[in-house]
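Pasting the structures here.
The same subunit A turns up in both complexes below, where it pairs with subunit B and then with subunit C.
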Partner chain A sequence: MSTAGGQTATLAVDLSIPVQADLVVLARLTAATVAGRAGFGVEDIEDLRLAVEELCLSLVGGAKDGRLHLTYECEGDAITVACRYEDAGTPAGPPGQGADDLSLRILDALVDEHGRQIRDGHPSAWLCKRRSDQPA
Partner chain B sequence: MTDEARVQGEDTKALFLELAATRDTGVRDRLVTAHLGLAHQLARRYANRGEPYEDLVQVASLAIVKSVDRFDPERGVEFTTFATRTVIGELKRHFRDKGWAVRAPRRVQELYLELGKVTESLSQELGRSPTVAELATATGASEEAVLEALEAGQGYRTSSIDATDRNEETLASHIGGDDASMDTVEDRELLAPALAKLAPREQRILQLRFGQGLTQSEIAARVGISQMHVSRLLAASLERLRRSVTEAGAVERR
Partner chain C sequence: MDQSFQIADEEVNGVPVVSATGEIDVATAPPLRDRLQALATSGKSTVVVNLLGVTFLDSTALGVLVGALKRCRESGGDLPLVITEPRILKVFEITGLTGVFPIYASVDDAVRSVA
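Moving on to the complex of A and B:
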């Protein structure tokens, strides 16, 4: 985000949602809102929405419960979204247990960088999308 | 052996180089056919958003043709990465143009339609994709309303987390997480003789599940049996395949 003084500030937003179909909209809308405020174009926002959903899917895999914790950070012309899946009691699987080749290909196509790891014992994944065109 | 296995075995890059040099339609057709599976997978991923699955497959397949025609093997990018980008772009465009099975309030639909026109004219005027703020100013709507309309306008019912039948199936069955064993050419080559031993209906169910990426419910509707029955047949078929492959491996090692 740009401040009145022209300095670039970091915008950070945290979101925690249950693994539930009708709540994934919140993950997408938050991404779109953060990107919209940061001046991303609608094409980039569109890609980011799809990518955030894919990120969630790649972590959740076959689970029907648990929670997704998402952190959105916007700095300069880049937005980073980190997502951690906490299951409802059963031990965490390896990172990206639900990720298949298609998920990785889709993320490759939509964002600049992405990755996955175990964080605090929980499967986690992140992505970074840079603004592809600068508003005048 | 499938066309896909044959082409990948021969090295996709070599075929693209041959295509660039000769423009041979036979080579082009083989490359297209070999990558139609990707079109099906991506179409499946974005199904359940109001557009018929078959239409999405058509859009995705045409995008594969476009990708084959435009791909430059010298650029150092994998064809599947290039093609995925192209297919997603075409699917997004398709939803933008036609994705109107959205159960959104009229005001949201109207704003979305207006946004489509304004986005087009602003993109031409600015030489880039407009921002949410610019769209809000141009339409007189709030930024929140613009975001809401853009969300609703895309349907956003991807076939995975948003699937309506999620109570019947796990998310993994929607996102194909269990397809990994079918991914490599080596696996497919090894599986081919084992697949041939299965009954035609079992082969068809496996093809629908892994070839076209349909859910168990969709397969049930196609084949005319219950989802539970599909689930049982899939499990039994996979078990038989596993056994055949293990036995074949044991014979080869002797």
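Moving on to the complex of A and C:
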């Protein structure tokens, strides 16, 4: 995000939601809000909205319980979204569990980088999208 | 569930047309899947899916459409889609599905292709 003095500020937002189909919309709404505040254009915002949805889906698969913890960080011309899935007691699966081919193809196409890992024993995924030159 | 999501049914020249509006995501895809499954169960092997009013579509929705397409083709039919919104077309393009589904710019064109 640019400040009046031309400096680059960091914007960080945390979101924690239950794994519930009708609440995943909150993850993409937050992504759109953060991207809008950071001056991303409409196309970039739409790309990020879908990418964050796929990031969440790739982690939870068909799970119907547990929580998703998301962190949105905007620094310079990039937004990084990290997502961690905490299940409701069953052991964590390997990174990328539940990720299907369509989700991965969408992420490959829409963001600059993305990846998966086990973090603190929980399946986690992240993405990074840089602002393109289109007008905001 | 997204309050703006709706599904409507009609028949155009004897061809069933399912029109979806709003956002099709992990929460709203199941009703669409159920509707398409019900049509298949009732013997409709070809169904036009009108996505002109759809504003968001994720991989869950794509999975529902791919499953329905498979059922239609196994019954000798097809599942033409109606899409004009570039954002929605982009999702099909980046997943390689524009080469899998017949895609039309209007319901009339889609119906004509199968009637």
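Basically, the second predicted complex is superposed on the first by the 133 of 136 C-alpha atoms of A that agree within 3 Å, B and C clash if a C-alpha of one lies under 4 Å from a C-alpha of the other, contacts with A are read in each partner's own complex, and residues count from 1 in each chain.
Here, contacts are C-beta pairs under 8 Å (C-beta built on N, C-alpha and C of every residue); 3 or more make two chains touch, one makes a residue touch a chain.
Quick caveat, the model's predicted, so the values are computed rather than measured.
Chemist: So in the superposed three-chain picture, is A:133 touching just subunit B, just subunit C, both, or none of them (first/second/both/neither)?
Modeler: first
Chemist: Which touches a greater number of subunit A residues, subunit B or subunit C?
Modeler: B
Chemist: Touch check for A:105: first (subunit B), second (subunit C), both, or neither?
Modeler: Both partners.
Chemist: According to the stated criteria, A:24 is in contact with first (subunit B), second (subunit C), both, or neither; which is it?
Modeler: Touch status of A:24: both partners.
Chemist: Figure out whether A:66 sits in contact with subunit B (first) or subunit C (second), or with both, or with neither.
Modeler: Touch partners of A:66: none, neither subunit B nor subunit C.
Chemist: Which of the two partners, first being subunit B and second being subunit C, lies in contact with A:50: first, second, both, or neither?
Modeler: Touch status of A:50: both partners.
Chemist: Could you look at A:41 and tell me whether it touches subunit B, subunit C, both or neither (first, second, both, neither)?
Modeler: Only subunit B is touched by A:41; subunit C is not.
Chemist: So which positions on subunit A get touched by both subunit B and subunit C?
Modeler: Common interface on subunit A, subunit B vs subunit C: 21-22, 24-25, 46, 49-50, 53, 57, 100, 102-103, 105-106, 108-110.
Chemist: List the residues on subunit A that touch subunit B in their complex, please.
Modeler: Result: residues 19, 21-22, 24-25, 28-29, 32-33, 36-37, 39-46, 49-50, 53, 56-58, 60-64, 97-103, 105-106, 108-110, 132-136 of subunit A touch subunit B.
Chemist: Would you mind writing out the residues of subunit A in touch with subunit C in their complex?
Modeler: Touching subunit C from subunit A are residues 21-22, 24-25, 46, 49-50, 53-54, 57, 100, 102-103, 105-106, 108-110.
Chemist: So in the complex, which bits of subunit C are touching subunit A?
Modeler: 1-2, 23, 25-27, 56, 58-60, 62-63, 87, 91, 94-96
Chemist: List the residues on subunit B that touch subunit A in their complex, please.
Modeler: Spelled out, the residues of subunit B in touch with subunit A are 38, 41-42, 45, 80-81, 84-85, 88, 92, 119, 126, 128-135, 143, 146-147, 150-151, 154, 156, 158, 160-164, 166, 170-173, 175-177, 179-180, 183.
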